[in-house]
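Sharing a structure, written as structure tokens. Questions coming.
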């Protein structure tokens, strides 16, 4: 016990000494930030220059690193308290990812990238830092999201959609989340003074409603790279929060009887149907909306390799080593956009709010379309599966299954929810293509 | 039944409506291709601009995308019908790869890259599209074929060649296919008006006779990048067609008695011989033909890692994740050279014909050299194994084995054919070095 | 027997013929190095130009490739004999890697890269050669060492350090090897005429004493890229030689009784301690020494992914496919700095000597600090484990275990030595950060 | 600008629905045709969709090894 | 310059020691606090540090778990 | 130009043959020398050419094998 108290005291002492000395030395030599010269130096002067290279000094004296053009209170704030706040937020992301299992595959790398990008002096997110190198390698040009999409294609079985194509309409309806949020962002810009989103910005934010990570990153990096950090964090956070966001909306819009509806077993799907599917989808996309073909094409490529059954070693690579490597790089690079001076702006709060609205609208539209379809169609359709139309594969489908089970534990909705779920991915990619063809 | 007829009619109606409207809108606003402005617009005008961004419009109005310098009938054709033809060809490649198992590992990615590169408006093969990015990342500079060669080295057991080195002469003879085709391409250029290959072009085409994919891509990207698509498709197609092209030639040039010759079992090979082999081969290549060392060096590197036995984790990576990732990237990037305006030219037909000639000459030379060796050598040599000298590892060796079995089902030629087969790879790389040292 | 003698004579004859002809042709046409023209040529003239493109000619006539600025005796030497010597050295590296198991994972690729970079004419290490491409892709900008460090983080269990943190002081003491060598390099520069290291060079060399490959490569590529080859070879060679270098020093500085000291079993470590460790370490590094955060951050990133337990697929990728791919690329690219004109300079010998001194000083300091700690601390500490503080994970810890066992075969020191071992990695990264903050 | 953004929403949702409706129609036609022409190939979802890669060439990494092994055994058994 | 390099050595070693001493102190405090607050989570080194990735979705790279499970079942069946 | 291309063919095939003939000779010499000096190391093709990577350090990524082994032993010990 006493032993540990001693440690605490000791560590406090060391820390305070460092801080005090640093502050002193910083005040004494504030204007000595020029490159260290190699003339004969005393140990004392060396110690002083060392103090100026510590992070403690960096946080306390943000102005010494600011370039002349941004020497103002705002950058001062973002370089001192701002950075500390962001580091705290990143550690919060670690907590959510590890303890609460919030999309850890992306939020851990993004959070770590954010932490690294807020370190003073080191400039890890700068053009010569490794985050900057990764960013220009594959985020700026959109390559990494495309490669992820190939992996998603290789991992996705479109069988449930092929077996019951009409569920695609649920995936279409859920995209109201995207375009509704676009309107919302414009309204916010027009009605408030603090928030000023361009149409490109608004479009990039609205794609959060697509509930699809790579699509959001692809559009974000094309239309609004300065908002990419907030968009990525919002998109992945809400995808992780699907089990909390969706159920109340689903329950509010459906009656208990509707939630108990049982659906017929899916028909068997011919192997050729699965092979033809990616090719058909791509041709359709070429005819109707070429602007969506980079995303849809990557998805179809991965899926064609998967279903062809003749290139298993490539499929396996897409599903594992390639998608994993790219996920690591992409997460870290996107994290570099969590630097305080980019992230700690009022726009970020607006993005968080708009993203939540987008998810809610998408879920509601999907469920309502499910009710409509159930009435129009001869076969029974449980409206709950409409909620899976937002994408967030496969989390949203699982949520549907769980809400269905809560009402009637003998009701198995998972495979039925996969149809709208994967068509939600296609719908979001189509919406992304529309946004690109209008705004890019 | 009736239900499905309704669908057919409905889909026909929707398609026709889209096409008609598109054509109309295109005619009405042909000169409105400037960037969409964000002034207040009616829904009607938005629909019109949307139609102009559809692929249907893109195919019907190729001139709206052509740059001023290429505004002529030819580019019009290649941007409308040409693209449709190419998309059809790419789907044919899918069929051959999946149903007929034609080198699917490369023809599927190449075909898909080709499909994507022929999409109007999206510019996926342009410098900012992902195919263009992959192309400049590793095809333009020759990196991807080199990495594939490392993987091939790590996958190849040179034991059969070391056990019976004289079979290397069969691999040498088969390279007549390369240089004979070089002559053929020059003759074609001199005697026809339509075809005009430079010497560099001719050399790049002739390497198809090497029956080795990465070598062809390496030389093609160095000497004639504009022909790369045709060269790649021809090379991999003929490698897939080896079981159809070779047997008639093999049977025509050998008697039934010759095809029945049985060969002695291969001697055991010392582990040190296998370790020394890649180093010896590379030193030889350095002394005689440094221009071939990038290719041969990569092959030897992979093989040295394999045979060293002390870096299994690196060997495994070369054989699997690295070669798979690069194969995907390489295939897609090469496919970008299947864009209609590059591919649908008379030269492509000439390349297809010359490639076939190259394979045939190579096979014939190998078999004839086999007959010669059989006469000169004390030990029996079945001339069939000469056909494996064209490379096309391991397909050509399997064909030899099969043709031998057809004649005498107790005759096991596979391992004997592997010697000429792998020496064919070396021979092609040497020939490639010669072409580079003369023409690059 | 006679058969083989014939082969020997024949091969000698062929070689001599090639050499003689080459020399002749070289003398006849020494000034014909301009690009081969495609006018009509006789076979004879073609043969002559071919000879000029052989490696034999390249070695014998180094001046024909030298640029005008370096036409002097020195470059002549390095391009003829120098290259042969380097090729011999590289083959020696193969021998050490394969037969003696000297860090084969890096010395095989480095050696092969060195071999390829010394080939005349081919220019594989030039900016357009594949070694040059790999070098600029990830060595020049420091990306590859950072990725390796992520893999190291994902592979390292810091449990033993967390269980007994005071052993970190042993890892600190061993860094005297780095700074002592810095002094040594400066002394050498001041006292000799032949050796002239700048302060940057000296710092880059001294990092060999860190006994950590990626750290050495990271610092080397930042501070002294022209010395990178020698630094890399020295660092990895000495890491491989740890079982030979360390034991005599360890035995000289300890008594038999000290070597027999048994240590208490390590306490159990809470899972949360392991998860917090990388975050704590990084925050500390941010506060004290931001310049070290690229390296320490990469290490912590890999370790956080590992210990989080929620992203096993990413951890697995860091530990396997990614680290393997990068190891191959990094080794080959570093090998490109073994080109004779860069490597065969007096400085290399000085680097080799200084590296050995660095390792020895580091080992000695670690052991001496172990003796000091043993006296100051209540719990018994076997001073041998101080030798593991040089890093060289996990070789140094194994050496400690072995030396301990030699004295008392019931003494199990391995886990106790892992604490200083991994803290040595951290200590080296901190030292690297100091060198960067002073010299970069 | 708000009015315009509502226009974007209308056109956007129309295209999304148009696209997916056409897709539904095409998928139904395709399914009908395929199941008529090739009756015996129907498979359950998630079954048989990865038939072993028996013939592709560069692949299966160690084909050469496998083949030589097979040949060896074949020869030994037939002695 | 030699004198200066000795200065570098002094400051360098001081920082290295400062850094690692602070680390030792912080690790001890951290260990103390964690083991007080969460008493039942202590694990042996190299055991239980990879709890199965139960919920993450894209993954399924759970070879280790699967194999050890398989081995277990195999052994149980053969009892 | 046709004549020239024939010249290219002649020189090209000569070099290819020269290269491979030298290779044949060198391989034979090498095989002779090696088999004389190290008589006991001859191996069948595809056998023993991948001795386990026993000492290399970062490696040993054969966790699966190791773990299943460990699980087995653990279970056996606890019987």
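Odds and ends about this structure:
First chain written, first letter: the chains are A, B, C, D, E and F, and each begins at residue 1.
Keep in mind that, in the parts below, a residue touches a chain if its C-beta (ideal position, glycine included) is under 8 Å from a C-beta of that chain, and two chains touch if they have at least 3 such contacts.
Only a predicted model underlies this, so the values are computations on that prediction, with no experimental measurement involved.
When the contact pairs of C-F are set against those of B-F, A-D or A-E, over half line up by residue number only for A-E. Most remote chain with respect to subunit C, judged by CA-atom centres, is D. Two chain pairs, A-D and A-E, are weighed by contacting C-beta pairs, with A-D ahead.
Subunit A and subunit F have Cα centroids lying 46 Å from one another. Subunit B and subunit D have Cα centroids lying 23 Å from one another. The mean-CA centres of subunit B and subunit C are about 38 angstrom from one another, to the nearest whole unit. Chain centres here are Cα averages; for subunit D and subunit F they lie 37 Å apart. Of all residues in subunit D, those touching 2 or more other chains are 1, 4, 8, 11, 15, 18, 21-22, 26, 28, 55-56, 59, 61, 65, 68, listed in ascending order. For subunit A, the set of residues touching two or more other chains reads 38, 50, 101, 104-105, 199, 285, 288-289, 309-311, 313, 320-321, 434, 438. Residues 18, 36, 38, 50, 53-56, 58, 87, 91, 94, 97-98, 101, 104-105, 108-109, 112, 115-116, 119-122, 124, 128-130, 133-134, 320-321, 324-325, 327-328, 332 of subunit C are the ones touching subunit B in the complex. Chain contact summary for the complex, subunit B toward subunit C: residues 141-143, 146, 150, 199, 275, 279, 282-283, 285-291, 293-294, 297-298, 300-301, 304-305, 308-311, 313-314, 316-318, 321-322, 434, 437-438. Contact residues on subunit F toward subunit B in their complex (touch as defined above): 1-2, 4-6, 8-9, 11-13, 15-24, 26-28, 30-31, 34-35, 38, 41-46, 48-53, 56, 58-59, 61. The touching residues of subunit C, when paired with subunit F in their complex, are 4, 7-8, 10-11, 14-15, 38, 40-43, 46-47, 50, 101, 103-105, 151-152, 155, 319-320, 323, 393-395. Chain contact summary for the complex, subunit E toward subunit A: residues 1, 3-4, 7-8, 10-11, 15, 18, 21-22, 25-26, 28-29, 32, 55-59, 61.
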